[in-house]
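Notes to accompany the following structure.
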Amino acid sequence: MMFFLKLIQSIGVGALSISVGLLFMGIGRKITARIHRRYGPPAIQNFIDVFKLFSKNSISHGFAYDLGIIAGTSALLAAVVFLPVGQINLFPANSSLIMILYLMTMAYLGMAMGVSSSGNPNATIGISRALTMMMGYKVPFAAVIFSVYIFARTGSLTNIIAAQSGGLLNWNMIRLPFGFIAAEIALQGMLGEKPFDMAIAPAEIASGPMVEMSGKYLGFGMLQHAVGIFLETGIMVNLFMGGAPNVWIFVIKQFELFFIALLVNAILPRFRVEEGVSFMWKIPLLLGVIQALIVVL
Amino acid sequence: MNSNLIWLVFTPLIGSAIAAILYNYKFLDRLITFSTFAITLFLVFGTHVGQTYSMNLNFMGRMIPLSWNVTHLSIFMLYISIVFGTILTFYSLMDRSRMKGFLLLLILAANNWIFTTNDMVGFFFAWELMGWASIVSVLGGRKERKSRHAALYYALMSIGGSYSMFFGLFTLWRLTGSFSISSNLAYLSSIVGVHPWWVLGIVSLFFVTFMIKAGIFPFHTWVPMAYAYAPDTFTPFLSAVMSKYGIYGMLLFLPISLMEKGMPTVFGLPWVNYIFVWIGVITAVLGTVLAFFQDDVKKLFAYSSLSNLGYIVAAISLFTSVGVTAGIYHAFNHLLFKGALFITLAAVISRSGTSKLSEMGGLWKKMPVTFFTFFIGIASAAGIPPFNGFGSKWLIYQSMIKQHLLFATILLFLASTGAFLYLFKAFHSIFLGQLSHNYDNVKEVPVIGQIVEYLLMFAMIFFGIQPGYILRPVGLIVKSVGLNPLAVMGNGYVTGMFSNVDMPLIGWSLAISFVFGFILFFISAKHKYVSQEDNYTAGQIPQDWGLTPETYQFSWKFYEPMEKLFAPFYRIKIDGFFRGLGDWTRITGSAVKQVFVGNAQIYTLFAVVGLIILVIAGWVA
Amino acid sequence: MMQEFLQNYVYLIGSMSLIGIGLYITLTDENIFKIIVGLNIIESGTNLFMVAIAWYPKAVMPIYTLTNKLSINGKVIAADPLPQSLVLTAIVIGLGTTALALTIGIKIFEKYGTLDVRKIKEAGR
Amino acid sequence: MSIFNNAALLIGVPLLFAFSIPLFGLISKQLTKWVTLLTISFNATFSLYILLAHKYPSIVVMGNWLPPFGENLYIGPVAALLVSLISVMGLLIAIYNLWSIKKGDVTRFSVLFLMFTAGASGMVLTGDIFNLFIFMEITGISSFALAAYGPEKRALGGAFKFLVVSSIGSTLYLLGVTLIYTQLGTLNIAEIAARINQTTPGLLTFAGVLIVSGLAVEAELFPFNGWVPDTYTGAINGVSAALSGIGAVSGVYALFRIAMTVFGKDGTYVSSYGNLNFMAVIAVLATATVVIGELSALTQKNVKKMLAYSSMAQMGLVAVGLSIGNELGVYGGIFQLVNHSIAKTMMFLILGVLVASGVGENIDDFRGLWKRSPFLSLAFSVGAFSMLGFPLFGGFWSKFAIVGASIQRGGWYDFIIGLVLFASIVEAFYYLRIVGYMFSSDSKFPKLKTPWTPTIPIFILAVSIIAIGVFPQIVGTFSAQAASEFTHKMSGYVLNVIPTIAAH
Amino acid sequence: MSEWKELADYFRGRSMWMLHYCTGCGAIELPPTMTSRWDMERFGVVPMATPRQADILLITGYLSIKSLKRVVYTYEQMSAPKWVLGFGSCTINGGIYWDSYSVIKRLDKYIPVDLYIAGCMPRPEAILDSFVKLRELIKKGEAKGYEKYVKNFEWYKANQDKVFRRTTPVLKKPEEVTKSA
């Protein structure tokens, strides 16, 4: 009984993450359009896109391709159930942040495996860039999360949230400002927004990993991105903004973070890969290290 | 009854003699190797903790007591090494590479001896035996010249290491008059407060040996060469089992805690331990960074082994309960996944005939079972949760964080992220991408190989989801070295300090979300399978363009941006130090041999000068 | 005084000089046969030294006859006979060595075409 | 049958047959080799009988003159072990010679070989320092001639260098003996050893320096070992084997008999009558020998030359072991002497077979030898592994003991053994390089046809290396007794020879 | 089932991802169409990088025979509900290239065109108008070019082969080339 309850709740969280993610993407397009002085598509445009993609015929390069792309979405969905979302915290004893991060790696691995098995070098180059960039943003992010670990004396997201309870001034965002800025820049890379979107550069490598994806495969890709946005901003909310009392506030907090990322995305051009990585290893890492020193000493 | 400890050593020796006699009958040789491993495994079932045995060896005209003592650690190491060896030799039944069965059995004998002995004479004997047997085993790789060079390099490092241990054990003998490991360790513990520097010196003599065997940072240079150019079916053993001897040795000596004994501490750690943590971290990062750019797949995974051993060393050097648990647990995990990876590599290399990443590609269509084994292997190696590599990495981070070793942890995290990069590079370049027409006739490995691969897949998933089966014995080991073991809540839990990870839960979560993924996949519109030629080529028609699968495969300079980033670090060559030492020795040698000029008069002159010097010495004295 | 010194040490000095001369020849002369001669001179020096230690001033020959008393009042006055017999052996051995050396020298001249000891080298060390 | 208890037969029989061999040579030249073989096999049987039936310690007196007045042979544990070693090596080399010496002056070779064995046995057995000189000269002269044997030009050059250096050496030795005689009026080793403290320290030091220098020529210690590479390289392989397996053994024995028994203090590590500690001197010389020998061998392309330098270095290692002076060190040194003798003899014999089959002496010619002649390459590797001290091979135990002893001794021996171990790493490099070359498969040459006669000694030697490696007691028991003889001067040697003598 | 189809068609009409094959001068009209002035994204039209992802193929002008080959290949690589928009007169009758030996005159003979946009070149307003028209056609289920292509595959192939044959070189051997030069 408990099992089914949890199962249904998990499905609910998964659906929530997908819809919030897609909505964010749509709103993001709208906002970007407004920044560009355009009108922009409707906010639900991405729902339309996803539905269209799933209704469209597609080509595949074999079972590794299918499996990889399914894994990309599924693993993220599997990770999202461990994320405390507002009052919904399905597995409070199991919300270790590192575990969630590593589970997300499964999604990257699946995605990378799928698109690379298509045999298109553009896809592989895209993956190579994405992974290189991952190396870039994971390091400052690690600096930040380990600082938070030491600061909060816990590694579980549930407990980190609990440690921040009691108002705005207890938020890690205020208490660990350098870490927050570093993590915010890392989040930009994690979301794959400009200036760190070299992995999917359409003009250079024909949209990179997505080059061979058609129809439902692209749909899975969009879902993965949606869940990814939800998960990554959700982690940030839990780490720095003290979680949320309920889902709506949680989503609003997520949107705040996403909004910053969007603004940056809308006005900046793209880095080259090594520039991106070295940027990540200069400013955010420096901030993260300063934060770490403050925490440790 | 207790004499079965002796038979643990003698059975492989006898098997080795038989295998050496039957060396020319390849299959029989392999069969005997396998069955000896199986028999030894059977013998291990009969051993239990606390079993001791001793006998006297007549040596130097006096009786040297040889003693055996089975501890929790030794029985754990025995099980994992022999089970893996059995699987490997079963796999090698069908293999055609030039692995020498009798040498593997000699190593097995040494293996059993090292893990059960309680006297340093036996330890040293077995260590040397293992050393030379592995050196000769490395010799038979696919590339003659390179494997010869690798074996030579390995031999020199290894011999240097064993001489260092030679020194150490005799120094201990001079101090205590005993060869017994346990009493010597007790002696060292007792004097550590009085003469910490002495203890440090003696222990470091041993640690140099262990570091060389495990391939830890300043002594890592032999690892990539030896791993890469050893016979393909020997490399799994080299990486999975033999690197653990060093770890075992370190675990023997680590309980001599320098804590509370007046040594200065850093972050609550004795500074020696702190240095070792950093050595481990440097090894981990170095292995990762160097692994990015390898084109030889075995070399790549050799660096990966290096990196993982760095993790282990960093964890066990902390010598906290979490650290030691994590280290031993990671040693087991590394044995499992790296063994599986090297076995699949052996399969791939034997089928494709190359170990160059830039020459392979697209093999997943031809070797699906191998592909899945490799996939699960790299997922484990990257530490992805439901598979077996995660728990130990997670514990390692926790143990480091607990000591507030923040920068070390960040670097370890960097190494782990980097691990994902190079693992994916290997994965892509071997199995994904375009299948060259050279490999049109490549087949899946034979049934024996497939059985082994299924077994390893199962093991990696099983021990990932049920870590309790490993953590319980590890807990006993941790208890036996005098630390508090971590609580094991259930078979499915990895219990950390702050929270625990419920592995079956992750498994369920993944499984259910996969089910949903597949449902979505199958209810949505149809897909059709196309060939690899039908690919986006920016409108160009591949046939007109002269496009071949090889030219449309991206595996050369996979992480080129990284190369630019890491370029400054490439100028630092540790290897260069040893090579420089070698060159210096060679130059000195050529200079020294000029002494023998080949002229009778000069020789006479030498004699006369020598005489005069001696006379003067006598006069002065 | 001088005479006494000479009496006591003349053989010793002689033998040492012979050894020195022999060594000098051996070390400096490039001719193989001269080197062999040098070796022979060293040997003679050694033999002289051995004989010399057996003798001391006013010693009698070590052969017991009625007139030749070997000891007076329990004090031995005869020369020591043993070194002399040793010298005989040494001379024989030296002869053998010299003969062999000369043979080898001749063979060397045949094969190498030179007697210069500096040219008898193996190529490369 | 008391005549067969007389160890003088070990010298007498070979000498007798040596001089009667020209008579056999009149019948057939090939017969002389068989006579040599039979004679040495008598020696081997007899010496092994002495060794295994534990017929020692005993003395053999000449003409019923008891020591110190008569000349005597002393068969202690050391002598029994080493004379067995010499005889057995001689026997095996003689078997090899049956095949290898075909052309040229077979008769004279046989004469010289027998003389050589007899001389070496005599050096080990004798109890008189002047007789030691005589046997040294017999060994020397026969080995000069043996070294000059053969068609090659370089043999003559090598032999001449040996001759010159060795003559100087024996002269020095003789001077030293004379000086001791002036002091003590005796030539008997046991008596000198017992009365050594009655001498003038200055003169004794001088005599000791002369004797040590003279014997160091035979024992191949630097700087008295200039002849080694040239002579070993020049001589035919059978002779090189004999030089390293027999000649060097007796040389080292003589050196340490003088340094330990004569100059040594009972039961201590030092030999310090006189001003100079000769054991320390020898230790320094031996270390220099090891280091220089190994470094010189490192860059050799010619395998034979490499083996020559390696011989030198190994003798240095033996001397290091013996010069440590404690029981463990002497044990290790003698054990190492046995191991080195076996392994190096075997390697030279293998080289001889290979050269005769047209393989060549250069290291490049060894490529792919595994495919061409598995037996020889395996045996060579066994020898190399024994040299390097790998476990399951004989060399492990001796190296183990030497290192253990020097660390037990401590002090500056730690430093010496560090240098020695460094040199061992260098040695590992060049031996393993050859092994690696042999096991590579890039050879286009056909299989070798190995004649069976020379494979007998090679096989026996290879098996004995492994046997010693697995059961070190085979040699260990004897070398432990030998160690006790060497380290206990009075009870081990002097009192056995002259029971009535008073301890000083 | 038909309701699903209608729903799908409705969404397809509102999310048209285009691949612009920029051969002719029409390409220059697309950037203003995409950017702030006209903003085609409000119709759900987004430029895509590869044919795999795209729904509509924009042929923006004349096609030489050589580029036709690529267009056909690209068109065949697109996934099933796919539409072709011909830009300007060049795709209708050859336009100013009506007498060129190397440019095809009627695109319709080679791949099925769902909608032509008149003009030389059509302005962004016309392009946007065409998107709206295409959306209506799709919603009505009348834009079925891709099915036509499958149904009349032989005919299309025969037409394509006829022109592709002309791409083979007239001068077969290199000697002839040098002679004529």
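Should a chain be cited, it is by its letter among A, B, C, D and E, assigned in written order, with residues numbered from 1 in that chain.
Definition applied: contacts are C-beta pairs under 8 Å (C-beta built on N, C-alpha and C of every residue); 3 or more make two chains touch, one makes a residue touch a chain.
Only a predicted model underlies this, so the values are computations on that prediction, with no experimental measurement involved.
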| item | value |
| --- | --- |
| Least hop count linking chain A to chain D through chains in contact | 2 |
Residual chain clusters - chain B taken out, nothing else repositioned: A, E | C, D
| item | value |
| --- | --- |
| Relative to chain A, chain with the most remote C-alpha centre | C |
| Chain located farthest away, centre of chain B as origin (C-alpha) | C |
| Inter-centroid spacing, chain C versus chain A (mean Cα positions, whole Å) | 100 |
| Chain D and chain E: spacing of chain centres that average the CA atoms, whole Å | 95 |
| Chain B and chain C: spacing of chain centres that average the CA atoms, whole Å | 69 |
| Intercentroid distance (Cα basis), chain E paired with chain B, Å | 59 |
| Junction residues of chain E, two or more chains touched | 50, 52 |
| Two or more partner chains touched - positions in chain A | 55-59, 206, 211-212, 215 |
| For chain C, residues contacting two or more additional chains | 23, 26, 35, 117, 120-122, 125 |
| Listing of all chain pairs that touch each other, if any do | A-B, A-E, B-C, B-D, B-E, C-D |
| Sites on chain A touched by chain B in the complex | 7, 10-11, 14, 54-62, 64, 66, 70-71, 73-75, 77-79, 81-82, 91, 93-96, 98-99, 102-103, 105-106, 108-109, 112-113, 116-122, 124-125, 127-129, 131-132, 134-135, 138-139, 142-143, 146-147, 149-150, 153-156, 158-159, 206, 211-212, 215-217, 219-220, 272-274, 277-278, 288-289, 292, 295-296 |
| Of all residues in chain A, those that touch chain E in their complex | 29, 33, 36-42, 45, 48-49, 51-52, 55-59, 202-203, 206-207, 210-215, 218 |
| Chain B - residues contacting chain A, complex | 362, 364-365, 371, 375, 378-379, 382-385, 390, 393-394, 397-398, 401, 404, 406-407, 409-410, 413-414, 417-418, 420-421, 424-425, 427-428, 431-435, 496-502, 505-506, 509-510, 512-514, 516-518, 520-521, 524-530, 532, 534-536, 538, 549, 552-555, 558-559, 561-562, 564-565 |
| Touching residues on chain E, where the partner in the complex is chain A | 4, 7-8, 11-12, 14-15, 17, 35-36, 39, 41-44, 47-50, 52-53, 55, 78-81 |
| Partner chain B, residues of chain C touching it in the complex | 23, 26-28, 30, 35, 117-118, 120-122, 125 |
